[in-house]
Amino acid sequence: MDIIFVLLILLGSIFILVAAIGLVRFNDLYSRMHATTKATSFGLLLLIIGVGIFFSSGTVWLKAIMVIVFIYLTAPLAAHSIAKSDKEKEL
Amino acid sequence: MRIFKKIYYVFVFIAIYLTKLVQANLYIAYDILTPNLKVKPGFIKVPLLLKSDFGMLLFSNLLSMTPGSLSIDITRNRKYVWVHVLYQTTDKEILSEFRDIQYKIGRITE
Amino acid sequence: MAIALPILFPFLLILILVVVKSNRASQLIAVSGSAALVLIAIYLFFEVKSHGILTLDMGGWPSPMAITLVVDYLSVLMLIVSAIIVFVISIYAIYFLPGQHKSTKFYVFFFALAMGVNGAFITGDVFNLYVWFEVILISSFVLIIMGNSKEQLEGGIKYMALNLIGSLLFLAGLGLLYGKTGTLNMAHLAQILRAEEQSVLINSSTALFFIAFGIKAAVFPLFFWLPASYHTPNITISALFAGLLTKVGVYALIRFFTLFFVQDQTFWLNMLLVVAGFTMVAGGMAASAHYDVRRILSYHIISQIGYMIMGLAIFTPLAIAGAIFFMMHNMIAKTNTFLIAGIIHKIKGTFYLKDIGGLLNQSPFLAVLFIIPAFALVGVPPLSGFFAKFILVKAGIESKDYIIVAVAVFTAMLTLYSMIKIWNEAFLKEDPNDNQSQSKVVKLGFMHFLPSVILGLVSIFLGLFAATVFDFTTQAANQLIDPEAYINSVLNYTMP
Amino acid sequence: MQYILLIYLLIAFGIFIVPGWFKKHVGVMLALVQAAFFVFFYSKISEVANGNSISTMLYWIPQLGLNLEFSLTGLSLAFALLITGIGALVFLYASAYMKGYEGTDKFYFYLFLFGGAMLGLVLSGNLIQLFIFWELTSFLSFLLISFFHKKEEPRKAAFQSLFVTAFGGLLLLSGIVLLGSVVGSYSVADWFVGSEMIKSSGLYLPGLILILAGAFTKSAQFPFHFWLPGAMQAPTPVSAYLHSATMVKAGVFLLALLSPVLGGTTEWTYIITLVGVITMFLGAYFSITQTDLKAILAYTTISALGILVLLIGIDTKLSIKAAMLFLFVHAFYKAALFMVAGLIDKKTGTKELAKLGGLYRFMPITFVISVLALLSMAGLPPMLGFLGKELIYEAKVQSPGIASLVLILGVGGNTLMVAVSMYFMFKVFLGKQGAYPKIPNEKGWFFLLGPAVLALLSLLFGLSPAALGNSIVQPALSTIRKEMIDVELKLWHGFNDVFLLSLLTVFLGMGIFIIALTKKQFLIKWRRINSQFFTIKFTDLFVQFLGGFLNFSARNTKRVQHGYHRFYILTVILFSSAFLWFQVYVTRNWVLDSHFTLTPFYISGLVAIIVCSTIYATISQSRISTIIGMGVTGYGISLIYLYYSAVDLAITQILVETLIVVMFVLVLQRLPRFAILSSRLTRVRDFIIALSFGSVMAILALKALHVEFNHPVSDLMVNNSFLYAHGKNVVNVILVDFRALDTLGEVTVLVIAAMGVFVLLKTKKA
Amino acid sequence: MNYSLLNISLIMAFAMFLLAFALALVRIIKGPTLQDRVVAMDLIASITMGFILVYSVLINEAMYFDIVIIISLISFIGTVAISTYLKQNK
Amino acid sequence: MNSIILQLAAKYVRFLLIFFAFVALLRGHNYPGGGFIGGLLATLAIVYYSYAFDWRSVQKKLFMKPQGYVAVGLLMILLSFSPSLIQDETLMKGIWVSIPFGLLGQLKLGTPLLFDLGVFMTVIGVTLLFFFTLTKRR
Amino acid sequence: MEILLVILVGVLYTAGVYMVLRRSILKFIIGIIFMSNATNLLVFLASGIVAGKPAFVDETVQNASKIADPLPQALVLTAVVIGFGLVVFALALKLKFFETTGTDDLDQLKKTDN
C-alpha cells in the first residue's frame, strides 16, 4: 500500500511538472494548453487517489471523487474559454 | 433493466476512457520530455452526433481531457465541434475515433 | 444593554431605510431616529454620572477575551455632541440636499457614518476600533461622491487614497501591538504596557498609530486630503464631516496616548506639540488665503485640530480637559458654520465670497446665526470657544510651554481674520451683482434655519454653563490621566 | 451690580421688540436709562469715597479661577460716571443724528450693549472677566465702525481696528494668564496682595509687556495708534462715545488698575513713559496736517491718550492725580468736539477743512460750544483743560528720573495742540464762508444738548475744580494709591516753572497757528515734508504686512496643497518612513536572535516565487499581466497562510482574490491602457522611497517576531471554544461569537460599499 | 508505514511542484500573448491544489481536502472572466 | 462569453457551487467554512452563470434583488441578537438549543449560526450588487 | 525561516508603495491591494506563526498551546473582507471618474486644490 501511495504521489507530481515543462517548451498557445489541461488533471487525479489511499476513510474518498469530478468538469471549461478567446482572432 | 445496462456501459466507458487517458498522458509526457517536439497542430471540425446537453458537455470535456485534442467551440446550430488536435494525422482516422467515443457516450446518456 | 444602543440603533435604522421606499417616510424615520440617538446619549450620560464607567462585554464572555464596550466620561461627552450633530443634520438634509440625493438613500450612509462614529467612541477594543474606522471611511467615501460631479469624484479619489493608506498603517500597527502584547483589549493593553519595563519597544507600533490617526485627524504633514476634498460634496455632507470625521481621529489619539502609549512619553508629547503647532499655523494660514467659504472653513478645521492636539500634548489634566472642551465646542461650532455656508449658498447660489454680499440686510437673522458660531470659533468671550481657548492657554502657560501658547495666540488671529473675512464679504459688502439677481429671491422658512438655531443655542449653552461642562471634561480628563478606574472597571467586571 | 449689566442686556434686546411708535424715540429713552444709571452711580460716590469698595462675587467657573467679581471702587466709579454720563448725552445726540439712516435698531443695540460692556469692564474685579468685556467692546466697536457697511472704507477700518485691538486683547489674555500663574488667581484683589511675588518673578517682564501691549493697542498708543483715525468711519456718536470718551480709555483704566500691582519698577516707568510721550507728540504732530475734521480730532485724541499713558507711566502721586483729572477733561471736550464735528458734517454735508469756514454766522450756538471745548483742548484758562495741562507739567517737572526728552516732547506736543485748536476754530467757524454743499442751520436741539452740556461742564469744573476733584478724582486716586493724596485743584498755581512752561506753550502754539493761518503754503509744505519724512504710514504698513502675509500664506498653501496627488502620497509615505526609521533607530538595542534557516525549502521557494510575481506585476506594462501577477501573488500568499495553519483565512484569500480579478476585469473593459507617464528619474526616485518604506516595515515585522510581553488572550478563546461556544472551528467561533461585533461592523462596511457602488454607478450626474 | 520513504516522496513532490510553479511563472513573464499568461495562471491554480494535497498528507489533516474542493470549483472562474475580457477587447 | 460549452456546464457548476456554499456555511462552526466563505462561493456561482449567459437571464434566476438579500441578511443578524435580549442575557450572547435528530445524534442550533446565516445572505447580496452594478453598463 | 516572510512583507510593501506612487489610478488601486496583502501578512506574522496546527478543537484537543493562534487569523480574515469591499468601491469610483473626465492620470486631478 505504501508503495502504491508513494508511487501515486510521485507520479502525480511528475505529471504536473511535465505539464509545466510543456507549458514552457511548446511553441504555440494550443499546444501549451494541451499540456496544461491534460497532464495537470491527470496528475491531480493520481495525487487525489494517492491521498485517498493515505487517509482511507469514507468521507475522504467521497471528497476525493468529488474533487476528481470537479476537476474534470471545470478544467476543460477554463481551457475552452481561453481557446475561444483566442480562436476568433484566427478563424 | 435499462438502468443496469446503463450502469454497465458507464463502467465500460470509464474503464476504456481511463486506459486511454493513461496511455495518452504517458505519450504526451514522453513527447514533452524528449528533445524533439513531434507536434503538428491543427484544427478540425467534428460532426456532433449527440443531442442531449449532458452528452454534449461530456463529449466536449472528455475530448479536452484526452491528450491530443482540445474542444474549442460548439457551433451555433449544435452540429459541429471545433477541435484542436496536436498530432494531425488523416482526418478520417481521427473522426472515426471521435465517432466511436460519441457512440459510447450516447449509450450512457440517451 | 443600553451601552450597545448607539451602535445597534443606527444599524436598525440602516436596515429599515434600506427597505423603505417613500421619501417622506425615510425623512421622518431619520429625524426621529436621530432624535432617539440624542436621547440615548443623554441617558447614557446620566448613567455614567451616577454609576461611573459603564462596561459591556459583548457575548457575555469575560473581559480581555470579548469585545468590551466602555463608556466613560470622554466617550459619553463625545456621544452626546455627535448625536446632536447627527440630529441637526438629519433635519438640515431634508431641506438642503438636492432632490436626486433623496432617491439614493442618503440616510443609509448617514446612519452608517453615525454608527461608525458612535462605535469608535464607545469601543474598548483596538481591532474593533479599526472596524469602526473602516465603517466611517467607507460611508464617508460614499457620501463625498454622492452627486457624482467631477469635483466630487476628484475630491473623493484624493480623500480615499490617503485614508486608505492611513487605515492600512493602522492595521499594521495593530498587528504589531497584538504580536507584542497578545491582547486587543484597551484596558488590558494599558495594564500590560504600564507594567512593562521594556515597553519602549512598542514605539514602532506607536509610530504607526500616530501616523494613522494623524491622517484621520488631518494633522500637519498628513492633512492634504482634507482641503482637497471637503469642499466638494454637498454642504450638508461637508458639515457632517466637519463635525465628526477628524474628531474621531483626535479622539483616538487622546484615548491611545493617555491610556497605554505612555512609554517614552516625553518624546511623544514633544512630537505631538510640534505637530500641533505646525497644524495650527498651516491651517490658519491657508484659510486666510482663500475666498471660497467652504475652503476657508475646511482649512480652518485643520487649524482647530491643532488646538486639540496641543491640549493632548501638554498632558496635564487641565490641558486634556481643555482639549475635550475644545473638541466639543469645535464640533458644534464648526458644523454650524458649514450649515450657514449652506444657507448662504442657498440664497446666493455660490460659495465664492467675492461674488456675494449684502446678506446683512437681506437676512439679518442669518447674520445673527453666523455671528454665534463664528465668534465662538474666534473665541469671543461668553461663547464656548473662549473658554476652550482660555483653558488651553492657561494649561500651556502653567506647564511652561510658552511657544505653543504663542502659536495658539497667533493662530487665533488667523481665525479671526478668516471669520471676519467671511463676515465682511458675505454680510457687510454690497452684493456685486445685485441688479441681476434681484429676480431670484429665495424664501427660506424657519425650518431651514432650525438646525443652525439649535447648534447656536448649544454653543451659547456651552458658554453660559461652561462651569458645568468644564466639570465634566475635568472628570473625563482625570479618568484619562489616571486610568486605574478604567482598567479596573473593564477587567474586573462583574455582572450586576 | 451684575443686575445693572443684566438690565443693559435686556434693554438692548428689548430694542428689537418695542412697538413702532416707541421706536422713533428709542434714542431718547436709552439716554434716559443711561442718565438714570448715572444718577445711580453718582449716589454711590459717598460710599466709595475713602478707598472703600462695594463688591459682589458670583461663582462661575471657580475651577479655573474664573468668577464674576464686580467691585465698585473709586476708579471704576469714575469711569462708570463717565460712561453713563457721556453715554446719556451721546444717545441724546444720536437720536437726532441717526434719523434717516436705516438699521438704527441695530445701531442702538450695539451702542447700548457697548455701554453695558464698558461698564462691565470697569466694574470687573477679575481680570479674566475684564478681558471678556474688553473683547466684547472690541467686537462691538468693530460692528459700529462697520455700520455703514456698504462702503469699503468703513469695512476696512473696522477690520483694522478689530484686528489690532483683538490682537492686543489676546496678548493681554496671555499676559494675565502668565502672571496669574504666578499668583494662582485672576482676582484683582489677589493680585494686589501678590504684587511683590509678581514683581520678583521671572515672568514679570514678559507678562508686563503682554499686558502693556493689550493696553496700548486698546488705547491707540504708538505704534498701534493707526487704527484710531480709521475708526472715524463710524457714525459720529460712535466716535464721540467709543473712540474718544470711553473705549479707548480702557487701556488707561487697565494701567491705572494695575499700577499698584505692576507699577513702581523701572521697566514699568520707562516703557510706559516712552510710549506715552511718543504717542502724545506724534498724535499732535500729525493732527495739524490733517484736512478732515474728524481726522484732526482723532489725532488729537491719540495725543491725549498719549498724555494719559505718559502720566500713569510717570507714576508719581501728582502724575496720577493729573491723569485722573485729564481723563475727565479730555472726555468732556473731545466728546463735545466730536459731536460738533458730526453736526457740521451733517448740516453742511462736508467735513473737509478746506471747504469749511465762517460757520459762526449760521451756527452761533455751536460756535460757542466749540470755542469752549477748543479752549479746553488747547489748555487755555479758564477751562478745565488748562487745569489739566498745568497738572501735567507739574507732574513732569516734579517727577524724578524722567529724561528731558519727555519734557521736550511734552511741550512740543502741547504746543502743537494749542496750534491745532486755534486752527480748527478759525478754519471752521471764522474766516470767510466756505463752499459747503448745503447751507447749514442749527435745527434740532438734541444735537446741541450734548455738546453744550459737556462744554459747560468743562467750563464749570474749570472754574471750580475742587468739585470734580473732591467728589470723583479723590476716590479714584485712593484706589490707585494706597496712601492718601490730597488733591488740590486750583486755577492759579502761582508763578513757577509750570506756569512758565504753560506760557511758552501757548506762545509757541499761537505762533505756529498764525503762521499756518496766514501762509497757505506753510501747511502744504509741511504736509509734503511729512509725506517725505514719514513715508512709512502705519496704516499702509499694516495693510502691506497683512497683504504680504496673505501672499505668503497663499504661496505656501499652493506649495503645500499643490494638487499633485502623487506628491501628497509621497509626502505621507516619506514622513511615515522617516518617522519609522527614526523609531527603529531609537529602539536599536533590541536583539535579533533569529536563526536564519531556510527549512522547509518549499515555502522558501514559494516565497521566492511570490516575490518574483510581485515584481513582475509591478513592472509589467500590460494591465492583464499585472492582474495575473497579482492573482499569482494572492494564491501564493494563501498557500503561506495555509502552511501556517490558517485554513479559513486561506480559503477566504483565494475566494477574494478570484473575485477581485473578476471585478478588475469587469472594470478594465472600460478603462484605457497603462501609459508610461513618469520619467525614468521619477521612477527611480519612487522606487527608492518605496524601498525605504518597505524595508522599514520589514524591520518592524522582524522586530515583532521577537518581542512578546504577554501570553495572548486567544488561549482563552481556544479553551472556551468547544465547551461553551459549541464550535470546533475556533476561527469561525471567534468571528460569529467571541468577536461578533467586529463581524457586524465588517458586514456594515460591505453593505455600505455595495450601496455606494450602486449609488455611484446608477445615478445620473447632478 | 515507512515514514522515511513517505517523507522523501513528499519532499520530492514538493520540489517538483516548486519547479512547476517556477516554470509557470516563467511562462507568465515571457508571455508572449495574454492567453499564454492565463494558461499559466490556470496551471498555477492546479499546482496550488497539488501543494495542498501533499501538504495535507504531510501534516495528516484530512480537512484540507475542503480547500481543494473549493479551489477546484472556483479557480476556472477567474480564467473565464479574463478570457471573456480578452475576447471582447480584441 | 456566450459560449455553448460554458452554457452546457452552467447548470452543474451552479448547482455544485451553491451546494458547497451551503455546506461551507453549515459546517462552518466545526470545519473550515462559514458565512463569508459560503457567501462568496454562492456569489461565484452566479458570477459564473452570468459569464455563460447574459446578466438578464441571471437576474431572473435570483429570488429577489441583491438589495433584498442584503436586507434579509441584516435582519437575520439583528434577529440573532434578540434571543439574548429576551432571555435577559448580555447582548450577543450565544443561545443554543439541541434538537435530537434520530440516529444522526443531536443537532445543535444557536444564535451564532443564525448570525452566520445573516452574514452569508448579506455577503451574497453585497457581492452580487458589486457584480451587477459593475457589469450592467456594457 | 521567518526572515524570508519578513522579506516578503518588505517586497510587498515596496511594490505596493511603488504602484501607489504611479500616476494611473488603476495602478494606485493595485498598489493598495499589494499593500493590504502586505499588511495582512504582517499582522499574521507578528502574532507568531505555527506551521501545520490549524485552530480546530474537539472533545479531545482543547489545549491552546498545541495549536496556532486563531485570533490573528480571524482579524486578518476580517481585514481581507473589508479590504475587498474597499477595493471594489475604489474600482467603481475610478470607473466613474474615467467616464466623467476621460482621464486616468492623477496629475490631472488638480481642480479641487489651490
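Labels for the chains are A, B, C, D, E, F and G, by order of writing; each one numbers its residues from 1.
Just so we're on the same page, contacts are C-beta pairs under 8 Å (C-beta built on N, C-alpha and C of every residue); 3 or more make two chains touch, one makes a residue touch a chain.
Being a predicted model, the structure only gives us computed values, none of them experimental.
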Original post:
If you check the contacts of chain E and chain G, which chains show up for both?
Top reply: D, F
**OP:** Using the contact definition stated above, find the chains touching both chain A and chain G.
**Re:** E, F
Subject >> Farthest-lying chain, centroid of Cα atoms versus that of chain D >> reply: B
Subject >> Selected interface, D-E versus D-G, where C-beta contact pairs are more numerous >> reply: D-G
Original post:
When the centre of a chain is set as the mean of its C-alpha atoms, what distance in Å lies between chain F and chain G?
Top reply: 25
**OP:** Averaging only over C-alpha atoms, locate the centres of chain B and chain C and give their separation in whole Å.
**Re:** 68
**OP:** List the centre-to-centre spacing of chain C and chain D in whole Å, with centres computed as mean CA coordinates.
**Re:** 26
Original post:
CA centre of chain C versus CA centre of chain F: separation in Å?
Top reply: 37
**OP:** Specify, in ascending order, the residues of chain D that touch 2 or more different other chains.
**Re:** 557, 561, 563, 565, 569, 573, 600, 627, 643, 647-648, 651-652, 655-656, 658-659, 662-663, 666-667, 669-670, 697, 700-701, 704-705, 708, 712-714, 716-717, 728-729, 731, 735, 737, 739-744, 746, 749-757, 760-761, 765
Subject >> Numbers and ranges of chain E residues touching at least 2 other chains >> reply: 17, 21, 38, 40, 63, 66-67, 69-70, 73-75, 77, 80-81, 83-84, 86-87
Subject >> Junction residues of chain C - those touching two or more other chains >> reply: 11, 14, 18, 58-59, 127, 131, 134, 138, 141-142, 145, 148, 157-158, 161, 165, 172, 175-176, 178-180, 182, 184, 227-228
**OP:** Spell out all pairs of chains that touch, sorted by label.
**Re:** A-B, A-E, A-F, B-F, C-D, C-F, C-G, D-E, D-F, D-G, E-F, E-G, F-G
Subject >> Touching residues (chain side chain G, partner chain E) in the complex >> reply: 51-54, 56
Original post:
In the complex of these two chains, what residues of chain D are touching chain C?
Top reply: 59-64, 66, 102-103, 106, 128, 131-133, 135-136, 139, 142, 146, 149-150, 152, 155, 159, 162-163, 166-167, 170-171, 173-174, 177-178, 180-181, 546, 549-550, 552-554, 556-557, 560-561, 563, 565, 568-569, 571-573, 575-576, 579-580, 582-584, 586-587, 590, 697, 700-701, 703-705, 707-714, 716-717, 720, 737-742, 744-746, 748-749, 751-753, 755-756, 759-760, 763-766
Original post:
In the complex of these two chains, what residues of chain C are touching chain D?
Top reply: 7, 11, 14, 18, 58-59, 61-62, 64-67, 98, 100, 103-105, 108-109, 112, 115-116, 119, 123, 127-128, 131-132, 134-135, 138-139, 141-142, 145-149, 157-158, 161-162, 165, 169, 172, 175-176, 178-185, 188, 192-193, 196, 198-201, 203-208, 210-211, 215, 221-222, 224-225, 227-228, 264, 267, 282, 285-286, 288-290, 299, 358, 360-361, 364, 375, 378, 380-382, 386-387, 390-391, 393-394, 397-398, 405-406, 409, 412-413, 416-417, 420, 424, 427-430, 466-467, 470-471, 474
Original post:
For chain G, which residues count as touching chain D in their complex?
Top reply: 1-24, 26-27, 30, 33-34, 37-38, 40-42, 44-59, 62-65, 67-78, 80-89, 91-96, 98-100, 104-107, 109-114
Subject >> In the complex with chain F, residue positions of chain E that touch it >> reply: 63, 66-67, 69-70, 73-74, 77, 80-81, 83-84, 87
